[in-house]
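Scrolling down, you'll hit the structures one after another.
Two complexes are shown next, each including chain A; its partner changes from chain B in the first to chain C in the second.
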Partner chain A sequence: MSIFARIRRIPFWSWFWFILGALYFLLPLYATVNFSLRMERDVIGFKAYVRAFEDPEFLETFLYSNFLALMTIVASIILIVPTAYWIRLRLPEARRIVEFITLLPFVVPAIILVFGLIRIYSSPFKIPLTDITILQPLTTFEVGTDILIVAGYMVLGLPYMYRSVDTGMRTVDVRTLTEAAQSLGASWFTIITRVILPNIRAALLSGALLTFAIVVGEVTLASFLGVPAFGPYLFLLGQHRAYEPAALSFASFLLTWAAMGLIQLFTGDQQVSGAH
Partner chain B sequence: MAQTALNPKAPTPALDWKKWIGVTPFFLFAILFLVLPSMRLIVGSFTNSDGQFTFANIFQLFQEQAILDAYWLSIRISAATAIGGGIFGFLLAYSVTVGGLPKPLRSALITFSGVASNFAGVPLAFAFIATLGRTGFVTALIKNLFGVNLYQQTDFDLYSFWGLSLTYMYFQFPLMVLIMAPALDGLKREWREAAENLGASTGQYWLRVAFPVLLPSILGSMILLFGNAFGAYATAYALTGGRLGIITIQIGAQIRGDVLHNPGLGYAMAMGMVVVMTISLIGYSWLQKKSERWLR
Partner chain C sequence: MSYLSISRVTKQFGDTVVVDDFNLDVEKGEFVSFLGPSGCGKTTTLRMVAGFEIPTSGKILLDGADITDKAPNQRNVGMIFQSYALFPNMTVAQNIGFGLRVRKEPENMVKQRVEEMVSLINLEKHANKYPYQLSGGQQQRVSLARALAIHPQVLLLDEPLSALDAKIRISLRAEIRAIQKKLGITAIFVTHDQEEALSISDRIVVMNTGVMEQVGTPFEIYNFPKTRFVANFVGSLNTADAEVVDPAKGLVSMDGVQFESAEGTEGRKKGDKVKIAIRPERLSFASEQKKANVVDATIENITFLGSVVRIQVKIGNTKFNMDTFNNPFLELPGLGSKEQVTCSKEAVLVLDE
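Up next is the complex of A and B:
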């Protein structure tokens, strides 16, 4: 083969676009790391990272965001798995409307959702046409706000979680598993927790990690509902510090990376975004 | 639930009714935290300050120059990043699928796209400030290499239209890669062989066969990217601190304190966003159906 033919076989434009894409990915990351290591003049060091992680408020907000993420994941699984299971087993006619509802969060962005949530839940719940209050406004006490924000996050994660669970159930024969478990005398609770859940664990994990990636750094809901989460903390830190926010930004990137990497590990070479 | 009564397929209505109990928690959740909040905004946009029905808010929406400007800026940024991100993402997806690059690069790109398409908000804004801000890495690089100071010798400003668009691109084109890579895989080898047997050149194959098959998918994905950028709030807020008046920032200001001095107008502004998002989602699913005819 002549040297010209060899050069011709190299897909020049493919390489060109790929390298351009790689630069777009990597330059902001490199810039962030580079900046975060220069807190001390003329020295490359991890001082910004030490400072950022030492701040007690960082740990508090970060743990709180993880707590919210965990609550969101658990509540989503409790809500969605039995629903998807029931639809597959007994109620296929509900599929269309439920799938439609799971798409609604794409139409209602976070900022609109929080607007509506605040307007609804900042006034007390009354029995219609009377003055009897059933529930104090959720936004006025801590547990209430936690419930509200977890519910909001469940809505944001709904499309991804539902799709993961539904895809997971498609690959296992839910009906046969259920009949087998029933003939052995298992209750509904046992069937779901000990038969269905273990069989779709890969799908659950990918839905959970995606939800985690959405919730941990989330800013919009957290700041408007006024909860002490990591997203608003990072934002405020950026208002009066330079190096620590860069360090934490890179750390968040690594965290997102870890979540996505784990998804890929468990689901193979599949797409890891629910927007499809 | 009411749906069962309307279900014509129900053979035994009494039994059928019980089946719906299984999905009640889901519907209850959806009503409480999705439907009710949305309804509140819709009802609010048709209500005046005395609580009576009115169209005035909707009319005012189209007369208030500041609101129209905010919508227009959001639409321009979303369209620019959807088209730019769409084209760039398509070319990247092309290069790793049918473009002849080594296989490992494909999984690297797909993984990276998964991360980047989920990497938005405050950290992304900070990363771009470190890259293209006044003292950013690339800003300094351009100054050293080409002797051009972006902020003094050009109109560039990270906290403006182009700056925000470049930042949005970071999660836009990876999303396009994620959607287009499977679609490009769906191109059948037989089509190419058939075209070549009939004497078509590579260019003709792409122009007459592959591109028309992919077009609905490309357009649909671009619409999805449009909606993705249109609803974004945190990235823009963290980057510009609310200085760049896109529609989500205006709505944020309205939530914090009634800056329009008319709650109804605020609701109408929010509802306008939902309308735009709905139109784009409908467009997306319509095009998606068209593309499924060939790519399955």
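Up next is the complex of A and C:
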């Protein structure tokens, strides 16, 4: 059957809703792009983009946020992969509880999270029952704050990362693969690094890209912890400029799409991706 | 002293006893099947040998060493799963080499052994393919090669053929048996398929609800089932209610029709309620020379099953199946006609009710 014949078979109302939905999504995007191209009067051009990218603060905050995203992704994988693995393998009855916990970031707003973090970590660590300080408050020095914000981002990314990893583990029968590897003499470390991880790469990638998208655009945690991240920068820019924010938001749209494309590429044909 | 010895092994999950007092000695190079219905504890027993489950009590010895509590990756045991369990991210050759690389064997040794194994299973052309590019039968052969590559002391197979279609199942089971014999490897094979167990094994352990019912050669299990369960589970069987008439002579009566049995009535009294059981292929039409059990029967139905013709006859008030080999010159009686059928004394099994 030709593509046209197939398209003609789709009922009218399906088309109607599809087009309505597409317009709802595409019109504002079109308006943004259109606006971003009109920084100079009567000329269509990329001036707003050039301006936005020229700003040194743009690059600085963008790179810093990328660094935070990378740290968050690495830490999340180290924490979540063995957890999800162990739950699938030995504690299936804990699945419900853990799934509930992973949904909490959707229910508890980021603002609550950040105030909690600040309250707890803005006082020094002392050895219990003594006055000996072992660590200055995390909020008072740069590395400390980075650790704090990465921890916060891990919480925000938890639903996406955990679910991706868990789904990835469902598609390969981790339990039987583990037993096969064990009977061949493999240790836990070998099993996780050489059997489990390579087989959930697609899932890891989609979890990582979603985490990346969250971290790079995040405003609340970054501004309350006072770090020079991309989210707050974009926010401030939006309050003082007109054209550049439009340009940047379209650019970040493209970035997101590229990320989604990558996910599709790697998850679309799971078996082939697992084969390389 | 036997090579693999499972002694007094019991396994409980919570309060449920899943395997109860399991005792088995397996000789080196022997092929033993665990046969029984689903849920009877075959897999659990096998997993205790593999180390994936620890017995609640009892001991497992392998070549003289106590392995009861050893971790699975410390035992030298090959395991084959129903779902093949090949590593999807590795090629055939990498799968087969995995166990050797884990053991840090030198790379040239690994390569050589992988080649050996690949040719053992006749998949030379597919060595660089990924599992998803192979058929189910090919995948299971790879998993066999992967398990054998590490020179395991015992090969454990958990329903390895259940996911395959009928033709492949039969050819692969012959191949497994041939390879096992060629390498002289000790194997335990779990199945719920009696034909599979009968055709492949040196010995069969018939299990029911966690208990061993009978251990014996396929010949013994089929021809001399010790319990009613075994008689019923292995092969097909006609059974009927009967009553002991004369324990000394082995006479029992079914709806007034008398049968003579060669064994099974000792220790019983006249009037005891029993079951008699006769395999369909042991019944035949009575010829001129008189034999022990000749009874009147009505032909009820005739079914062609290919090489066998199944004739349903009514003896007394009970319907029996009677199997006879098909041949073009077979003269079959008409439906409803009255005939005499017979079976030897040895064919009549007397079982507890």
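Descriptive notes on the structure:
Convention: the second predicted complex is superposed on the first by the 241 of 276 C-alpha atoms of A that agree within 3 Å, B and C clash if a C-alpha of one lies under 4 Å from a C-alpha of the other, contacts with A are read in each partner's own complex, and residues count from 1 in each chain.
In this section, a contact is a pair of C-beta atoms (placed from the backbone, for glycine too) under 8 Å apart; a residue touches a chain by one contact, two chains touch by 3 or more.
Worth saying up front: this structure is predicted, and the values here are computed from it rather than measured.
In this overlay on chain A, chain B fits alongside chain C without clashing. Here chain B and chain C are compared by how many residues of chain A each touches, and B touches more. By the touch criterion stated above, A:15 is placed in contact with chain B alone, chain C being left untouched.
Once the two complexes are laid over each other on the shared chain, residue contacts for A:184 go to chain C alone; chain B is not touched.
Within the superposed three-chain model, A:64 lies out of touch with both chain B and chain C [touch as defined at top].
By the touch criterion defined above, A:195 lies against chain C but remains apart from chain B after alignment on the C-alpha atoms of chain A. Residue contacts after overlaying the shared chain place A:176 against chain C, while chain B stays out of touching range.
Of all Cα pairs spanning chain B and chain C in the superposition, the closest are 6 Å apart. Residues 271, 275 of chain A are contacted both by chain B in one complex and by chain C in the other.
The touching residues of chain A, counted against chain B in their complex, run 11, 13-15, 17-18, 20-21, 24-25, 27-32, 34-36, 79-80, 82-83, 86-87, 90-91, 93-94, 97-98, 101, 103-120, 151-152, 154-155, 210, 213-214, 217-220, 224, 231, 234-235, 238, 245-246, 248-250, 252-253, 256-257, 259-261, 263-264, 269, 271-273, 275-276. For chain A in complex with chain C, the touching residues are 172-173, 176-177, 179-187, 190, 195, 198-199, 271, 274-275. Across the complex, chain B meets chain A through its residues 3, 7, 9, 19-20, 22-23, 25-27, 29-30, 32-34, 36-38, 40-41, 44, 88, 91-92, 94-96, 99-101, 105, 107, 109-119, 121-128, 130-131, 136-138, 169-170, 173-175, 177-179, 181-182, 224, 227-228, 230-234, 237-238, 248, 251-252, 254-256, 270, 273-274, 277-278, 281. Residues 50-52, 71-73, 75-79, 81, 83, 85-89, 98-99, 102-103, 130, 132, 143, 146-147, 150 of chain C are the ones that touch chain A when the two sit in their complex.
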